[in-house]
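In what follows, structures are represented as structure tokens.
Okay, so subunit A shows up in both of these, paired with subunit B first and subunit C after.
This part shows the complex of A and B:
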């Protein structure tokens, strides 16, 4: 078995204590939520923190509630399993519930948390490997090296955002609440991202994601998530498509949004979606044909790279298929779109 | 008397025998029983190699080559040895004697001596107080390499001779080449009404047992080396240790603890077994090495990639006339079982169909990749894949049903193949009948909606081989029984239970023969100090050979027991029967005793009780060089029907259902047989659609982890229907043959044939990725368009 590098683990019971320890230790400290991503990454020596602060003992970071403004407020340490099964989430944020239900496999979903999934490190076939493997390769620009093996001569890291929850939360206009020694800040999830695979989040050391807030939606809200992967379980997305539709009382599209992940460093919002679908009644042939147009738009806008495993040309070919199927699922209040 | 003399065509279970027993006439055989170690495994009580903790035990780690092909110029341990907690460090010069599982091709060193030949090749090993210290020490070992040109493409390795991967080998990078001709293929094909010629590719796959390789060694003050190892062949490890460590075999004891899967991947002697032994000898302390999952991928010995070209011809009514094969085998960096693989790639194709003429030309080349070896269905899964698709191509040209062409070419039972293999019982026709019936083939084949299809394929496989890995005339399997006044029978077998249930098999047979309850039998296995030699768990030999040896021992013992009881009762021996823990007088049912009392009577009468039994194969095989390789005392036969669905938009193939009919001879425990059938089909289909042991352009394994090497989860597993066919074999134990490997073969070609039925594309190059399916569908549409344009143009003229 691969060994974990040596580190100190502390499990505070209050947020204040966690913030204090992180502040004290400086950048050599890392936060662990469920550990399902950090632990293997540490075994691969991608991270070698001296101190790991676990959020598992902080009760206030768990749980799902509806705030007085109708927003869903999900504690960052709530397990993916709980988010996926929660009735409020399923009703108000179906795309999020579906995305969480397809993260990894059952054991990992019961350990893994929503906050951890949002904060997931980017992934690449040249990066998520053991130290021995990466050394034999000559390392890569994301860790210990300077070259990119995805794009020859590439100057920017193109490791892929691989969190299923992120695109769903983006379609839902979610806000993220952080706390640190400097105080609290709230930021729209759209503004979290950087187009840099090495570090794809605007984040300062010591900031803890505490809650994820999903604004209220109308009764005409629809959402779905589509996930391409090789197996029926365990695997990270080869492509993840989150769809949002908001319908008026006549079942016509008022608002629509599509965000796709597992392409490059940040999830990608497809442009001109709402313009194409607005005003169309979801059961009409016009809507179906507009969905084809949206699928073609997405195909044009998405260019998967050979960063994560799997044939990237095939992943691109699947963009319009998954966009069309996930749109149809959202319109029909079904989903998720998944092969099993 | 060995078992081969005991049975024969007149065996009591033979199909022709007047008193042939039905399953109902047996006490234990033919019925479902728990595996004897099932509860220990289910409760976590079973002890695997890594569970062993010995006082003062050190932990060892391996330094591996980061280069695919390089000369090792210098290894310096100075800094590593200076690290507190490090007890010893060794390099290739500590064990310079080469070994290899096949005695003719010893080309491996426990640690690299002059060269490294793939990324991951072991270079040095360190023993330290704990794993972390050993790992830290590895980083302090200085190695100087001179990097050489590396070969990743077998065609390049064949064409270019310098630098040679193995310099001592004549003929550049060729590992083994076999050309065999049987009959005049060219003239047969020239007379054929129809000929199909095509190329097929098998990619590489690996075993992925859940338990990684692990070994623990101790070296006693009086010079006894004891090795516990997760091996499937204790005996060959024993021999290899003796050779490399230059110790007499009687100073070595090898023990295989409970094993967590092998599938052929634990058949070779491995670097870690030598390293822990040497390190224990150097330090005088117990030493353990547990490989990481990544290291298991580098140890590999998985299925050989093969590029196959086949040409087959048949008469107008579908009778095969000749088959011509040319195969290029990518062996990876070492020989391993490669000599046998090269023969098997041709020798095992000559059934269940009659080949009037046959020729094969197989060449295995070295490349700078992890070494290939035997994986479940060793050497024959790849050619079977190619040929069973080609058979469907022939059927299509002739307008024949794929099942029908297989029936028409059935070779029959008690016959001889074109390459001289003796076929005994053969239930292949019944296998075809079973899958045809169960899948509702006639009503559904070719008639399912577009996107859904059915495909069939057949196969045969060996039940052991008469070619022991090293030539000798001694028994291939030996069993010893110890019986005493406690009422317990202990079976000592050298056989390796790797999860397939071979220890349970011994218990079932003893209970059957001596009329005992299962809990009156205990099995001690795979310990070279305690157990007679057995050649191990490979080639599907254990049920047949160990089973026969066990029967042999039991019958000798039973003679003594019967004699003692008959003397006591003053009756004829024929009246004494052993049933379910009791001894009864058949003619006076009021008279009975427990088997324990019978044992005591016999112990009184004959002194301390015990018996040995053995098995050796009869003389088999063709009278030509290599004619004994692949010659088996009995062959199993299989037919699969696979039902699949193809999503033409995503290219994804979903296997919905598989009907597996397998002729295993007598199913000694039908529950275990069914498990082997399902497990085989599962593994074969995984190789077809998910698994890919791929080495990238840098010579690195693409993803040496269970995240990136995609073995199917339960959600990816189809519905299996195991249909057991029992063509009782005259020489097998109670008529049994094998079930562990044969049922894998047809799953891959049957799936390809099902995809053809579903959407009309012929998938001939594994793995069947969705991207390949989409490419084939595009090609099909383009061809159809061209055809219709052509038709229009012709129409216009």
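This part shows the complex of A and C:
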């Protein structure tokens, strides 16, 4: 039985109230959205806050709308299930809808939120364990210790970004809106990340992610998400591949982007993708062979570490497979790519 | 210690519990509703599944105070709700699980039945694929799932007036392979 450590819980109904309480309490306070990641982490004593501020009662943080400029604006507390099923999201951001549909299992998708998934803590098989387990091993540098059990003699934490929504949002060029006592701030999701598994986000205490904005796309937009995991449900990704293709009126690739997650502390954008695919018609044999080239590029650029469960050599060999399949799915307006 | 007011199975109940207690702890150790099981206690197994506003929800990861005012259904509430709606016997999902022998140890069953109930409420005639998806967050260590999926299908068949197909998987496999079905 896993008990939570003691804390005080507050459930504000307005954003102002939440910001005020967080500001008052300082760094000993934490925000909880759906709780599907933070609650088990607190049970494992990875976090032992004095105050927990639940955002569940703040109505303004929920809902999906299309803004005047055509951008999708998704409230951070919108459930993953709702994002996955929403018609606007499915039409304008298919990769995001697919990614959200593959997060964990049904219960966790009705509890978990898009904002919570974006702000997910990094994961590592030496970190996401009970206190007893971690103590027996002498802890690790991410929590309570100084060693890294993944890379012998390693100086940097390599816990893996494991959020399915993040790579999809990166291919979509999404912006994140934060609010804090200092006011509002908007940042492209690409600029959120730090290459540090201990703390992989540029974030100040008291900042609350309020909305996720996905810019409008053209009619030739295609997107898909591929996820590798042991079981067909519940598990975090062993590999997550988000693909974006933008086609012109002749079905030729104008723009392309691939971002892969569950490798290291931040999602990784594969380079030279657009250079390889630009100008090719998606149903041509040239496109198919260029996809092979892109898959080989991804294989070269991605080196999974033994940071999350699953053999890392296997995860690496699956990189080109999932890149190729997810590209094909995006081109064919299908997806998600999932082995079960 | 806080005084919580929860809407559980159509009743308004008061419970005293510290802020850091989960909904599962309040259900089991304050209210005596032990039908919701404590399995992994960290969101993997689905044994603690309840319905919150009709959606499947893991009680072991829910801070009790954060679901005040929302409609919570536990396995204890399925039969009374069915009877209140004018039904006879237990909830059709419970009857079908019984009819199909969709259990061995029974530990996963409350969560399975609530996930199935949530599915049938939003989609009364699901395909096998949809049933598999909807129950994919509930682990069963005994049955191999076949009878569980059959129970949900049997429940749907009963609702649409078709005869529930209770054939074993061996009979169905044999038929698919074109071999005669042995009794």
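Assume the second predicted complex is superposed on the first by the 340 of 340 C-alpha atoms of A that agree within 3 Å, B and C clash if a C-alpha of one lies under 4 Å from a C-alpha of the other, contacts with A are read in each partner's own complex, and residues count from 1 in each chain.
Definition applied: contacts are C-beta pairs under 8 Å (C-beta built on N, C-alpha and C of every residue); 3 or more make two chains touch, one makes a residue touch a chain.
No experiment lies behind these values; they were computed from the predicted model shown.
Visitor: For A:309, is the partner it touches subunit B (first), subunit C (second), both, or none of the two (neither)?
Guide: In the superposition, A:309 contacts subunit B only.
Visitor: I'd like to know which partner A:52 touches here: subunit B for first, subunit C for second, both or neither.
Guide: Only subunit C is touched by A:52; subunit B is not.
Visitor: Go through the superposed model and pick first if A:2 touches only subunit B, second if only subunit C, both, or neither.
Guide: A:2: touches subunit B and subunit C.
Visitor: Using the superposition on chain A described above, determine whether A:66 touches subunit B (first), subunit C (second), both, or neither.
Guide: neither
Visitor: According to the stated criteria, A:230 is in contact with first (subunit B), second (subunit C), both, or neither; which is it?
Guide: first
Visitor: After superposition on the shared chain, which partner residues are touched by A:36: those of subunit B (first), subunit C (second), both, or neither?
Guide: second
Visitor: Once the structures are superposed on A, label A:333 by its partner contacts, choosing first (subunit B), second (subunit C), both or neither.
Guide: In the superposition, A:333 contacts neither subunit B nor subunit C.
Visitor: Applying the document's definition of touch, where does A:105 land relative to subunit B and subunit C: first, second, both, or neither?
Guide: Both partners.
Visitor: According to the stated criteria, A:278 is in contact with first (subunit B), second (subunit C), both, or neither; which is it?
Guide: After superposition on chain A, A:278 lies in contact with neither partner.
Visitor: Let me check the overlay on chain A: which residues of subunit A are in contact with subunit B and also with subunit C?
Guide: Correct list for subunit A: 1-3, 6, 105, 232-234.
Visitor: Quick one: which bits of subunit B touch subunit A in the complex? Just the residue numbers, please.
Guide: Those residues of subunit B that touch subunit A are 64, 66-67, 119, 131-132, 135, 212, 290, 292-294, 647, 649-652, 654, 690, 698, 700-704, 707-708, 710, 712-713, 715-716, 769-771, 774.
Visitor: Spell out the residues on subunit C that touch subunit A in their complex, using ranges where they run on.
Guide: Listed in rising order, the residues are 18-22, 38, 41-44, 46, 49, 52, 55-58, 61-63, 65-68, 115, 133-134, 136-137, 139.
Visitor: Write out the stretch or stretches of subunit A touching subunit C in their complex.
Guide: 1-9, 11, 32, 35-36, 39-40, 43-44, 52, 54, 56-57, 81, 104-108, 110-111, 232-234
Visitor: In the complex formed with subunit B, which residues of subunit A make contact?
Guide: Contacts found on subunit A: 1-3, 6, 105, 125, 129-130, 132-133, 135-137, 228, 230-235, 309, 311, 313-314, 317-318, 321, 339-340.
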